[in-house]
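Residue numbering begins at 1 within each chain, and the chains themselves are lettered A, B, C, D and E in the order written.
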Amino acid sequence: MSLVLDSASFVLFVIGGAFIFTGGLGVLRMPDLYTRMHPAGITDTTGTILVLAGCLLQADLGLVTVKLAAILVFLLLTAPTAAYALANAARLAGVVPLRAAPRREDAAR
Amino acid sequence: MTTVFGIFLLTLLLVTAIGIVRAKDLFVAVMLSGIYSLQIAAVFFILDAADVALTEAAVGAGVAAVLMLGALALVTREERPATGPRRLALAVVALTALLVVYATFDQPRLGDPGAPVHQHVAPWYLAETARLIDVPNVVTAILASFRGYDTLGELFVIFTAGIGVMFVLAVPRDARNGEEPSIDSAGLRHHLIPRVVGRLLVPFIVLFGLYVQFHGDYGPGGGFQAGALIATGLILHALIEGERAALRVVHRNVLLGLIAGGALLYTGVGIAGMLLGGRFLDYSVLRADPVAGQHLGILLVELGVGMTVTGVLLTIFHAFAARASVR
Amino acid sequence: MYYVASIAILVTMALALARALLGPTGYDRVLAVNMFGTKTVLLLSVIALLYGRADFLDLALAYALINFIGVLAVLKFVQQHALRHFKTNKEA
Amino acid sequence: MIEVFGLFNYWVFAALLMTGLYTVIAKTNLVKKMIGLAMFQSAVFLLYITMDKVEGGTAPILRNDVPGQIYSNPLPQVLILTAIVVGIATLALGLSIVVRIHEAYGTIEEDEAAKMDRE
Amino acid sequence: MSGLTHLPILAVVVPLLTAPLVALLRDRTLAWIAAVAASLCTLAVAITLVGALESVEYLAYPLGSWPAPYGIELRVDAFSALLLLIVTGASSAGLLIARDSLVGEVGSERQHLYLTAWLLAVAGLAGIVVSGDAFNIFVFLEVSSLATYVLIAGGPRRPALTAVFNYLIMGTIGATFYLIGVGLIYMMTGTLNLADMEQRISGVTELKPILVAGGFITIGLALKAAIFPLHAWLPGAYTHAPHAATVFIAACSTKVALYVLLRFDFFIFQGNLPDHEAQFRVFALPLAVVAMLVASALAIFERRNLKRMLAYSSIAHVGYIVFGAALATQTGLTAGILHMFNHALAKGTLFLAAASIGLGGAAVTFERLAGAGRRMPITTAAFVVGGLGLIGIPGTAGFVGKWYLVVGAAELGPAGVLMVVPLLVSSVLAVLYVWRAIEVAYFGSPDSARSSAPAVRAEAPLPMLAVLIVAAAANLWFGFLPSMPLTLAERAAEVLLTEPDQHK
């Protein structure tokens, strides 16, 4: 049983780690704010869920599970909210998405 | 392996520090110092200092960042190219660094169990806490009882800061230089989703703060961390609902009451020890059973710390925020 | 096994830091700060389990909450600042 | 190798101390000075916390389920908890004074304010 | 357990407990009464402590009843008692005049906050001097520093803000340096209790960290004490603080930092660092001499603001104290410590007089001083007494300290006799600047077009005048009968010079 759990969380950790890394790479490499929000919002959150799920499998049932679940729920609630608020604020402040502005220097203003 | 993690994080920390110094936009510097706090807190966690990590995160990444933003909202955001005494700075800094590095060569290495600090006073705490105070968290035991007098001083440091900020910012704003247009601090009115989520979170944060307050004997936490968390929760409330609404929930006088009440509670517990035949801050005499007395004393003083810290941090936040709003 | 996840998280932290330092807009930095915060939460959770001290998950929870508040505060500041510039420009 | 690792924390402490002190002395912007001051103080936190670590130890929250557990030193942690509070207190007071300086002088650059004082 | 046992802690608890109560009192008069009562109570505690110390070497007070190196211990000996006397005396004098003096400087709606900060400063300074624990000293150093920043920030003109910001930066750097030093000592000894540290430090063989710690602590506290090249914060802070607060701060804050400095250098380091006394002498003596000469000269060249002139004179007098300590002999240390007391008396009197002259929140410029001798004869007479004390004229308290300094220097042989020269030169410089102030006060005619001072005879209100007269009388009293502070200073010097193994 424990072997099954261990290998399951190992798989979750590896996939989650890969997602997280991809997300980080995307945030660094994507060309403008809105495209960067994509890896930060989706890929990264997937990775977070997977890693925390891996942790959940390892933890004994009890307060620890509750805490991990609470962290998961909080992250799931706050990450999209923050992303939404960020995009909204940026759009209102006049940051133009890339396709409307051919050069990044313009988009930055 | 965790040592390597630590070294990696410390390297990131250095990069961040240099980024902070070089940033021309003060707003960027503040955000980077938020990251800086998270990093140093993670390093503390790796170095086994769970309580300190919790505090540093709550204070550095939470309260300090909010305060600096509050101050930045009142002053200019751009830094003028510096013309300070660079040569002098470099000389002073180089001298200090040489001194410090010179000292390192005779210092015990990281994690060396034979280091003097692990030989003399600390083992006594680890060995005797279970018998004398009987709480698992030795940090709490030392903080609230063995070195409770330091914590009393700490409480009064933050108390002084609260009084000081109140005093300094109590002056009516001078109209001469008020060329910036006034801003209504109405909160994040236009953002429906953050408001809903925020409202949902506020009670949980306060609840979690209370958990940290009263669970501090068993896990990382205690009055200061709890105070910082509760204050951040209420600051969140103020951020999404606006200053005025927040002040309606917790009035200024309530805050002053919290500040003074916490300070009086801590000092009062100390004096009770004196009146009951012990020394100042002697909790053993509070109850017939010394250990139960210690528990009661720790509970009360931690409560005092939590009250004052919550009150002071909120007062400071409101003092800054009120200055930005319409006058 | 925890190391795999930790290393991925640490590397991502470095990447997010790079974005925070590069900018170019304030919003990019906010994004990076937020990402850095969530990565710290994950790192703490993983290390807490790695150390076998699951009771320290409190810290991760606290970080998650504080991180969110930080991001909201920053957003509010940016919003106020944009508003102020907007008004100043209009008056000028 | 272990020699280098064992002192790395202290060197980072020295480097942060330098960075913070440099910011405080060389920058004229008052907010930047406060940020530098906070960094300077946090470097000291690192010094203290580094000395609390014991090889193979864990955080000093006693647990009865693991016999013979080694714990890290709790005392520096207590001291740094206090020092963090001192840091935030100083920061808050300093920032409030900066705000007042900005209102009174219309600038937060030290040399400009000093020039106005001399006039 | 007699009532006497709790005395050391009472010196801290009384102001500490009153401070939050004062914050809650909105009424200006009530707040002031409470603050004065607390300050006078603390003064009474200090006097009782001095009496109690006649029979014992020191009083120890383990907080929370925890045994010494594990819990925090207060330890009051003659040195701490003398400092406590200075702190509480200066605070009481300042507070007694605060009610009249703060009008026009600090708005009445925030005076209760100001008085709270004042009590916190008293508690912080008292906490430092009674403490026997290195880290505890840091905590109370910060309480007192933050409170002092608030006291200075209350100044009515905007330079107060830049002055206090400078002080905040320098003070925090100083305190952090101290913290680094304590950390390094803790790293090598494992203890924070001063007495325990003194014992254990002699067993440390790796000297580099201890040496560096010595450097950090000395520089950090020198910043706080405004020892000469690190004094930049002081003139602005003293000049722009509200007058009543200047009386308090100028009389004791630098002295408390010097107290800690001497504690560490003579108590902790001398037992371990080889030739530490010689090092200290080589390091401190030139600084002291330069401070005495340069700061006195700066005082002469300050021609606008009386308080700034007195502030430069304070830097010079810090130099005198360091000079005495740097001799590292029984006489030298006695002289230095005695001079702490005497200088506090003289400077306190002078700033009290300045507060009367600048009543109503005016800056104490020489223009305002002009003609004060005719308008306010009693105040000016007290000013003269304080000024004579500053110079060191026989019959004033200031003379006794300077006399011992000369004797202490001369004891060192021919080189020491040479050291007497800067002492005398500095005193001559003091004659010049004090004389100029007196001349302006008596013979200067107020330029009525530019001066806001009333031309008719107008002494300060009675409470201020009474405090001023008492202070001036104390200057003379301790000039003729210096036995009380002298005994304390002698015993303090003995404590500092005793080798660690000779205790107990």
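Brief remarks follow.
Operating definition for what follows: a contact is a pair of C-beta atoms (placed from the backbone, for glycine too) under 8 Å apart; a residue touches a chain by one contact, two chains touch by 3 or more.
Just so it is clear, the model here is predicted, and its values are computed rather than measured.
The chains that touch chain C as well as chain D are B. Path length between chain A and chain D in the chain contact graph, taken as the least number of steps between touching chains: 2.
Looking at contact counts per chain pair, the maximum sits at B-D. Per-chain CA centroids place chain A at a distance of 58 Å from chain E.
Annotation: 19 Å between the Cα-based centres of chain B and chain C. Remark: chain B and chain E have CA centroids separated by 31 Å (rounded to whole angstrom). Here the spacing of chain D and chain E, counted between their Cα centres, is 28 Å.
Those residues of chain B in touch with two or more other chains are numbered 50, 72, 100, 105, 107-108, 115, 117-118, 121-122, 125, 147, 150, 153-154, 157, 160-161, 164, 168, 171, 188, 194, 198, 201, 218-220.
Contact of a single residue of chain E with at least two other chains is seen at positions 135, 139, 142, 146, 149-150, 153, 180, 186-187, 192.
Annotation for chain C: residues touching 2 or more other chains are 13-14, 23, 30, 53, 55-56, 58, 61, 65, 67-68, 72, 75, 78-79.
Chain pairs recorded as touching, per the definition above, are A-B, A-C, B-C, B-D, B-E, C-D, D-E.
Of all residues in chain B, those touching chain C in their complex are 1-2, 5, 8-9, 12, 15-16, 19, 25, 27-28, 31-32, 34-35, 38-39, 41-42, 45-46, 50, 53-54, 57-58, 61-62, 65-66, 69, 72-73, 77, 180-181, 183, 185, 187-188, 194, 198, 201, 204-205, 208, 211-212, 215, 218-221, 225, 229, 232-233, 235-236, 239-240, 324. On the chain A side of its complex with chain C, the touching residues are 6, 9-10, 13-14, 16-18, 20-21, 23-25, 27-28, 33, 36-37, 40, 44, 47-48, 51-52, 54-55, 58-60, 63-64, 67-68, 70-71, 74-75, 78-79, 81-83, 85-86, 89-90, 92-93, 95, 104, 108.
Within the complex formed with chain B, the residues of chain E that make contact are 1, 5-6, 9, 13, 16-17, 19-21, 23-24, 61-66, 69-72, 107, 109-110, 113-114, 116-117, 120, 123-124, 127, 133, 135-136, 139-140, 142-143, 146-147, 149-150, 153-154, 180, 184, 186-192, 200, 204, 206-209, 211-213, 215-216. Residues 3, 6-7, 10, 13-14, 17-18, 20-21, 26, 29-30, 33, 36-37, 40, 43-44, 47-52, 55-56, 59-60, 63-64, 67-68, 70-72, 74-76, 79-80, 82-86, 88-90, 92-94, 96-97, 100-101, 104-105, 107-113, 115, 117-118, 121-122, 125-126, 129-130, 136-139, 142-143, 147, 150-151, 153-154, 157-158, 160-162, 164-165, 168-169, 171, 173-174, 177-178, 218-220, 224, 309, 316, 319-320, 323 of chain B are the ones that touch chain D when the two sit in their complex.
Residues 188, 190-191, 193-194, 197-198, 200-201 of chain B are the ones touching chain A in the complex.
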